[in-house]
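Next up, some structures in C-alpha cells.
Next, two complexes with subunit A in common: one pairs it with subunit B, the other with subunit C.
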Partner chain A sequence: MDALSFVYWVISLVLAPLLLGVINKTKAFWAGRLGPPLLQPAYDLIKLLRKGAVYSKTTTFVFRAGPVVSLAAIVMALTLVPLGGRAGLLSFQGDLVLFAYLLGLMRFFTVIAALDTGSSFEGMGASREVQFAALAEPALFVGFAVLAQETTSLSLSQILSVISIETWGQSGPALALVAVALFILFLAENARIPVDDPNTHLELTMIHEVMVLDHGGPDLAFILYGAALKLWALGAIVTHIMLPVRTGIFWADGMIFSAGMIGLAIVTGVVESVMARLRLTHVPQLLLGAGVMAVAALVLVWR
Partner chain B sequence: MALLLGALGVFVVSGVTALCLSRSPRWATLVGSGGAVVGSALGLVIALMALFTGGAESLRLDWSVSYGSFFIEIDALSAFFLIPIFGLCGLAALYGGGYMGVYSGRRALGTPWFFFHLLVASMALLVLARNGVLFLICWEVMALASFFLVSFEDDREEVRQAGWTYLVATHLGTAFLLVFFLLAGREAGSLDFDKFRPGSSVTANVLFLLAVIGFGTKAGFWPLHVWLPEAHPAAPSHVSAVMSGAMIKTGIYGLVRALTVVGAPPLWWGWLLIALGGISGVLGVLFALAQHDLKRLLAYHSVENIGIIALGLGVGVVGVSAGAPTVAVLGFAGGVLHVLNHALFKGLLFLGAGSVLHSTGTCEIEHLGGVLKKMPWTGVTFLVGAVAICGLPPLNGFVSEFFIYLGAFAGMVSLGGGEAFPFVGVIGALALIGGLAAACFAKAFGIVFLGEPRTEAAHQAHEGSLAIKIPLAALALSCLLVALLAPFILSVMVPILSQLTSLSPMTVSDSVRAGPLWFIVLAGLGVFALIALGALGRRWVLSRKSVTKAVTWDCGYAQPTARMQYTASSFVQPITELVAPVLQTRKHIVFPQGLFPKAALLETETPDVARERIFRPIFGAVRRGLSRWRWLQHGQLQLYVLYIALTLLVLLLWKLG
Partner chain C sequence: MTVGIETILVLLLMTNVALLGMSRLGACVLIVALQGVLLGVLTLLFHPGVHTLLVGLGSIALKGVAFPWLLGRALRQAEVRREVEPFVGYNLSIVIGAAIVALSFWIGSRLPVAFSVVSPFVVPTALCMLLTGFFLIVARKKALTQVLGYLVLENGVFSFGVAFAPEAPLVVELGVFLDLFVAVFVMGIAIFHISREFDHIDTEQLSMLRDWRQGGDQRD
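And now, the complex of A and B:
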C-alpha cells in the first residue's frame, strides 16, 4: 500500500466513466456519426444524481440497497487491481479470489434488487445474468490459475508485475490464450456485445439493462457508475497482460497504461461495431469456449 | 470433564422429564426447550474453554461390555465439533419452543423433545468417545433418535417414506463402520482409539475406503446422499436445522478422526476426496436449483456444502502426502472451518424456512412471494444466510472457501504439471459451485421473499414469537462475527491442524499467520464502511428531492397480477435446460389449445438421479433375488418350529462330526 497506488486508485475512480465515452465515440466513428461528447457518461451521472426518485410499491429495502452494496463491492474490488503498472492499493496472496467474489457480491445484489420489483422483465434479465455468471466464473478462475502458475504468485498485483515482454517471449501462446479468454469475459461481465447489447432498449433482448429497468435517479447513477468501475477494473487486468511494459517512471507508466486502456476501449468499440449480439442460446458456448481456452493455456504452461 | 458429563446429564434428565410430562403440551415444551437451552449453554461454555486452554482431558472407566470401555476424551478436534453441536442445538431448542406450539393438542409433544435431547446428547458423546463400542452405540442412538424425529408427522405418507429411506441408509452406513472398527480393532487388539496403530498399507487403504463409505453416508457424499433430500424436509424445521447443521457433521468428524488413526495417507486418498467433493458439490447445487420446495432445496445445498468440505479435506490430504505443509494446513483449515460455517448459515436458513412454513403453511417456492414485508426478521436473516452460503464476502462462508481456494492454488503452483491437475479441478469446481449457488439463492430469496405474494397463503405470512426470532438473529450475527474474528478463530484451530497434518504447532501457526487473513477482515470492514458511505451519500443526494411511489413498470398493461411475475422454475430454466441430461426432470405439459385457450398446465418434478438410477435398480435386484426364497415363509408356526429343530439338528451333527 503506497501513496502512488492511492493516487492511481483515486484517478481511476474519477476517470472510469470516460472509458465508456471512448467506446461510444469509436462506435460513432465506425458508423459515420459524430457521436455524443466524450464526457457524456459523466454528464449523465451528474444529471441523474440531481434527480429525485420513484420507487415501486412492490419494492423493499433490498431494491434500495442493491445499488449501494454493488457500488461498495466494486470500489473495494478496484483496490485489489494493479493500476498504471503499480501494485493495487491492497495486495496479498489470494487477492484474486477476493476480487472475483467481490464481483459476485455485486452481481448478487443487482440480481435480488431486480427480483424485488416483481417484474417479469427483470426476472428474465436476472435469470440470464446468473446463468452466464455461473459459466463465466470457472473460466475466470482457470484463467487466473494459468497466470498464477506462470508467475508462481497468487496476488493480482504480483502476477501482473511479473508478466513482462520476456514472459511473452517464453510462453507467448499460453498468455495469448489467457488474454483472449479474459477479454471474452471482460465483454461478458460488462454486458457488451456479443453477450449483451448496452444500446437496445427492448427489454427482451437485454440482460444487464433490463435488470435495472425500474431504477432511476441517484440509484441509477450508482449502478451506471458501478458498471463503469467494473469496466475499468477488468479492463485494467486485460491491459496489464496485453501491454506488459513498465519503465518505473510514474508519469511514463501512467501514459502507457492510459494508452492501453484507451486501446482496449477502442477494440471493444470496434467489436461492437462489426458484430451482432449472439443468440442467447449461443452465449453459453462462447463462455465455455473461453473456459476451454483457459484450460488449453494451462496445459501449455505445464508442458 | 465432570462438568461436561453434567451437561449431558441435563439433557438426559430434562428429556426424560419432558417425556413424562407428555400430557401437558405446555410443560413438555417448557421443560424440553428450557432443558436443552441450559444444557447447550453449559456444554458450549465448556467446549469453548477446552478449545482455548488447548489441553486434552480424558476419562476411562471400565465397562462390562467385551472390548468396550467408557473411554472419553476432549481434545481440540472434539471441542471444535462440540461448538456447532451445542451452539446450534441450543438455539434450535429455543426456536422449537416457539415452533412446536402448532402441534399442541394434535400430538404428544413430550416424545419429540425426548428424542431431541437424546439426539443432542448422543452427538456430543459421539465426538468425545474414544472406544469403538461406545462410538457405535452413540452412532446408533443418534440414528434412531433422529429417525423418530424425522417421522414425527407419521400420519403423512411421504414422511413415513422419508423415515424409512433414512433408516435404511443410515444402517447401511453403520454396517461399513462395524467392519471398519472390527478391522481396526483386530490390528490393535483393542477397540480403544489410542491403541489403534497404522497397519500395512493394504489395511490402511481398506480402512480408509470403509470410513469414506460409512461416514460418507451420514455426511451425504454423492451418491450416498439419497436420504438427505427426503429426511430433511420431512422433519420439523428445528430438527432439520440440527440434522443438517450438526448431525451430518458427525460423519465429517468420523472421517477426520479416522484420518488421524489410520496412518500416513497416500496421494490417491486426497484425490478420491477431491473427486467425491467435486461431484457432491456440483451435483448437489444443480439438483438444488431444480427443486421448488424450499426445505428440499436447502437439503440439496447440504450435499453441496459437504462437497466443499470434502474438497478442503482432500486438498489437505494431498498436501500431507505430497509433503507440502502450507497446502495441507490451508486445505484442512478451510474444510474444518467450513464445518462450523455451514452449521451456522444452514441452521439459520432451515430455521428461516421453518418460519415461512410455520406462518404460511407451505414451503412451495412458487406459491410464496413478498414475504419480506410481512416477516422482516426472517427475511433479513435469511438474506444474511443466503449471502453467507454463497461464499460471498464479507461473511463467513467466504473465509473457509477462500482457504480452500488458496490451498488449491498453492498446491497447483508448487506441484505443477499433471500432478497439479486435481488442484485445478478443485478451483474449477469451487468456482462453478459458487456461481450456481448464487443463482440458486437468488432464486430462493428472490422468489420467496421479494415481489408480490403469489397466493393467499403468502398473504397470510406473519412474524413468529420472540423465541423464533432470537435464534435467527443470533445465527445471523454469528455468521458475521466468524468472518470478522477469522484470524482469531484460526489461531484457536492450530492444535487441530497440527494433529491432522502431523506438523508442529509452530509450523502450522506460521503457515496460518502467513495467510492473508487480516487483509480479508480489512476488506470486509472496508465493504461495510463503503456501504455505509454509499447509503449516507444516497440519502444526502435524495434529501429535499421528490421521492414518490408508483407501480413497477408494467409496459402500460392495465391490470398486472401477482401471477404474472417470473417464477422460480422460469428463473432457473436456462441453467436446468443446459444440464437437462443430468437432472432428468420429468415434465407434464398440457399446452393451451384453440383460439381462446383456457387451461394450460406445466408440472415438473426432479427426482434424485442417484436414487432412480443407482439405488432403485440395486434394491429391485436384491428383492427379485430374495423373492425366490419366499417359499420358505408360509406364515405357519409349525413350519418355523420345524426349521428351528432342523437347524439345531444340523448344528448338532456338525459339532459331533
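And now, the complex of A and C:
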C-alpha cells in the first residue's frame, strides 16, 4: 500500500464515468453529431442517485443485493489493478485469480438479481450473459497465464510493471496476441459493440442491458457506475500491456496512462462506429477466436 | 529480422484459425490469398538471394493474385456465398484449430531437424497449416472450401520447404508451382461445372413450385 497508488485509485473512482463520455463523443463525431457532453455519464449517475427506487413485489432481497454486491466487487477488483504505472493498492502473488473471480462475482450477482425478477426477458439476458462469460473466461485465464509465464509472476501489479519495451522486443508476437485477445475480452466484458450494443433497448437483441431492465434509481446508478469501473479496470490492464512506457515520474506516468486510456476509449468508439453488432450465434466464434489467440500466445512463450 | 519472421509466422497461424471460423466463401478466398502473400514475404525475408527472390515473387503472384482471381471467378459463376451446414460446426472447428496449434507445436518441439532453422516456429507453423488443410478438406461440404483446404495444405508444404530453400533446387519449387497451378485450374473448372448442374436443377424446381402456387390462387 502506498499513498500514490491510493491517489490513483481515488482518481480512477472519480474519472471512470468520463471514459464512457469519451467513447460517446467519438461515436458522435463519427456519426457527424455533436454528441452528449463528456460529463453526461456522471450527470446521469447524479440524477439517478437522487431518485427513489421502486421494487416489484415478486422480488426478494437478492434483487436489492445485486447492484450493491456488484459495485463492491468491482471496487475491490479495481484495488488489484495497477494504475498509471504504479502498483495496485493491494497486490500479492495470485491476485490475478482473485481479480478474475471478483469480475465473476459481479456477473453472478447481476445474473441472479435478473433471475429474481421472474421476468422472461431478463432470464433470457441472464442466460446469454452466462453463456458468453463461460467462453470468455478461459480466454482471460489463458491470457493471464501467458503474461504470468512471460514475467514469472502471479501478481497483476508485478506482471504489468515487468512488461516493458524490451519484453515487446523479445516476444512481441506473443504479447501482441495476448493484447488483441484481451482487447476482444475488454469489448465483450463491457458489453460493447461487436458483442452487445449498449445503446439498444430492444430486449431481443441485447445481453447486458436486458438484465438490468427492472433496476431503477440508485440501484441503476450503482450498476452503471459499476460498469464504468469495470471498463476502467479492464481498460487499465489492456493499456498497460499496449503502452509499456514508464518514466518513474509521477505526473509523467499519469499523463502517459491517461493518454493510453483515452486512446483506448477512442479506439473502442471507432470500433463501435465502423462495425455492426455480431449476430448472437457469431459471438461465441469471436470469443473462441480470442481464446485461440491466447492459446497460440501460450504455446509461443512456453517454448 | 527474427521478430519480423516470427510476426509473419504468427499471422500465418492466425489466418489458419480465421479460415476455420469463416463461413463466407469470399472472405475465405481472401484469407488464403493473404496467406500466399505472407508466405512470399516470408521466403524473401528468410534467405535474400536470386533463387529465393524468384520463389518468393512466384508465390506472391500465383498464390496471392492468380489463385484468388481464379477461385473468385468460380465463386461468382457458381453463385454460392457461404458454406452451409459443414460436417463440423464453426465453433468446434475453432476449438479443433486451437488443438491443432498445440499439437503441431508439441510435435515441432520433438522433431529432429537435420539443418539449422532460422526460427524455431517455422516447423510447427508448417505442420499446423498441413493439419488445418487436411481438416478443411474433411470437414467442409462445398467444393470450393475443399480446394482452399488443399491450397492451405500445399502452403504448409511450401513453408516447410522455405525453411531450407537454399538446399532445395529451384526446379523442384517451380515444378510444385506448376502442379499446383494446374490442379487449381482444373478444380476451378470442376467447381463451375458441378454448381452449374446443381443450380440448374435447383432453380427449376423452385420456379415450378411458385408457378403452381400462383395458378392455384388464381383458380380460387
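Basically, the second predicted complex is superposed on the first by the 303 of 303 C-alpha atoms of A that agree within 3 Å, B and C clash if a C-alpha of one lies under 4 Å from a C-alpha of the other, contacts with A are read in each partner's own complex, and residues count from 1 in each chain.
We adopt the following convention: a residue touches a chain if its C-beta (ideal position, glycine included) is under 8 Å from a C-beta of that chain, and two chains touch if they have at least 3 such contacts.
Since the model is a prediction, treat every value here as computed from it, not as a measurement.
Taking subunit A as the reference chain, the count of touched residues is higher for B when subunit B and subunit C are set side by side. With both structures placed on the common chain, the touch criterion links A:277 to neither subunit B nor subunit C. After overlaying the two complexes on the shared chain, residue contacts for A:246 are found with neither subunit B nor subunit C.
Shared-chain residue A:133: touches subunit B; no touch with subunit C. When the two complexes are overlaid on their common chain A, residue A:117 makes contact with subunit B while staying clear of subunit C. In the superposition on chain A, contact is made by A:289 with subunit C only, not with subunit B.
By the touch criterion stated above, A:215 is placed in contact with neither subunit B nor subunit C. Contacts of subunit A with subunit B, set against its contacts with subunit C after fitting on chain A, overlap at residues 284, 295. Those residues of subunit C whose C-beta lies close enough to touch subunit A in the complex are 3, 6-7, 9-10, 13-14, 17-18, 21, 90-91, 94-95, 97-98, 101-102, 105, 109, 120-121, 124. On the subunit B side of its complex with subunit A, the touching residues are 369-370, 372-373, 379, 383, 387, 390-393, 398, 402, 405-406, 409-410, 412-413, 416-418, 420, 424, 427-428, 430-432, 434-436, 438-439, 441-442, 445-447, 450-452, 514-516, 519-520, 522-523, 526-527, 530-531, 533-535, 538, 541-542, 545-555, 562, 564-566, 570-575, 578.
If you check the complex, the residues on subunit A that touch subunit C are 169, 172-174, 176-177, 284-285, 288-289, 291-293, 295-296, 299-300, 303. Subunit A contributes residues 49-60, 62, 64-65, 67-69, 71-73, 75-76, 79-80, 90, 92-95, 97-98, 100-102, 104-105, 107-108, 111-112, 115-124, 126-128, 130-131, 133-138, 140-142, 145, 148-149, 152-154, 213-214, 217-219, 222, 280, 284, 295, 298, 302 to its touches with subunit B in the complex.
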